[in-house]
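In this document, chain identifiers A, B and C correspond to the written order of the chains, with residue numbering beginning at 1 in each.
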Amino acid sequence: MSEIEELRAMVEALAGRVRALEDQVEITQLVAQYGPAVDSGSAEAAAALWTEDGRFDAVPQLRMRGRADIVAMVNGGHQSLIRNGCGHVLTVPHVVVDGDEATGRSYALNIRWDAEDDRFWVARVSANTWRWVRTAAGWRVAERVNANLDGTPEHRAMLAPRESGAPVHPVEERYGHE
Amino acid sequence: MSEIEELRAMVEALAGRVRALEDQVEITQLVAQYGPAVDSGSAEAAAALWTEDGRFDAVPQLRMRGRADIVAMVNGGHQSLIRNGCGHVLTVPHVVVDGDEATGRSYALNIRWDAEDDRFWVARVSANTWRWVRTAAGWRVAERVNANLDGTPEHRAMLAPRESGAPVHPVEERYGHE
Amino acid sequence: MSEIEELRAMVEALAGRVRALEDQVEITQLVAQYGPAVDSGSAEAAAALWTEDGRFDAVPQLRMRGRADIVAMVNGGHQSLIRNGCGHVLTVPHVVVDGDEATGRSYALNIRWDAEDDRFWVARVSANTWRWVRTAAGWRVAERVNANLDGTPEHRAMLAPRESGAPVHPVEERYGHE
């Protein structure tokens, strides 16, 4: 290999590592936009974090399919939450990228204002599983499941490291989704 | 273009992407230092996260201008909080970098120890907006606004995605800042 | 220096910056796995985040040495927590990398389900200090100390920026560890 070919190979290897870092940062930043979007009532911005046909299961009560369902959620029942005062506080997920797909695990806290007591109360601490896909416009959420850590075995099992070939969202079987 | 010129162009493009990643990581790490600094009573370390003339608005009660004001806050009213026991838990912000400036949105939780009940209580969940600037010493906070998510419409509006040209901190108008 | 030597120097400098970014992301992702591992009861996965002889002090009650101690903790007293419902919510640490070692500061929240009140309560907000080491298998935890922010001066001091040469875990002296 000539000196210049060798150098080119080094640059190409480096470019692959940079892309892997970009994937991590982009996915983390995608997730960082969810809370601010819904807590400001920005329904379209929240929905735009998903793919057109993206899925969002808030177990067990809400099963959203496609961006219109997410817009409807933010403009619907969610309004009373934000008028009262609330924070949807998500943690940075553990992300595993596999080509143009990625999966992840994290927490979501739903904390609500209690004007009478001049303090907040923690309504939900949820296990979250994610599936993201790389699109022409960048990474988007293909699937998110959010399930309360209330002792239900299937909910905490969502947080386990995913074995190769295992389904992303074991909780779905419990609720008969698809 | 010669082979070596082509390779140089590849390296320069890659360097730009690496710098963009460094900006993200540096800003995230800057924010990650705020809580530990104030909760350990490290007043100078907290102030050093800002530019010399940086601004920090804890809406509506506190309006800090410059590092000396931040030092005074940590060494002042903040002391009773940390002697009692508390955590200023900040989330990873959504960051938008534009050259040598950046803006962001995130949450800050103020959680306080209740020795009698042997548990913590959540005093505040706040919307945060940030403006950072690149200085010779690295990224620093130029402006932070922190406002409780208590149902006040202007506070939750702080978390909305910023439209191009929109002010970073709409809440400031409400409080007549500058 | 020839044109190609100059270019090679640029690529090598860039490779160093990419490695620094990878260190940050890998350590952050290591920490992001702790909560999901323990809250799903994945004892081996939790222990594997540490080095073989890694240390984990949950001040003051629990002093774990080596992976077997961590496995025993998850399979032991921790079980009643997860059967009841709980979230171990960790923040992104401030990380300082120094060659093949790194140190960090962060928070850990321990939030527990109260089925009767249909809400969570915050049992602990802890100061965390970390020491990580680069191993052949990637970054691992060499030492973690977790101490409640209950007003104890030594606990909040753990969150202070570490001076060069200062011990990572001043709290250990208080408890006479090693």
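Some notes on this structure:
In this text, a contact is a pair of C-beta atoms (placed from the backbone, for glycine too) under 8 Å apart; a residue touches a chain by one contact, two chains touch by 3 or more.
Owing to the predicted nature of the structure, the values given are computational and were not obtained by experimental measurement.
Rotation angle, chain B onto chain C, C-alpha superposition: 120 degrees, expressed as a multiple of 5. Look at the contact of chain A with chain C and you find different residues on each copy: under half of the numbers used there are shared. In this assembly, the C-alpha centroid of chain A lies 23 Å from the C-alpha centroid of chain C. Each of residues 4, 7, 11, 14, 18, 21, 25, 91-92, 121-122 in chain B touches at least two other chains. Contact residues of chain B toward chain A in the complex are 3-4, 7, 10-11, 14, 17-18, 21, 24-25, 91-95, 105-107, 109, 121-125, 127, 148-152, 156-161.
On the chain B side of its complex with chain C, the touching residues are 4, 7-8, 11, 14-15, 18, 21-22, 25, 28-29, 32-33, 35-37, 39-42, 45, 82-87, 89-92, 111, 113, 115, 119-122.
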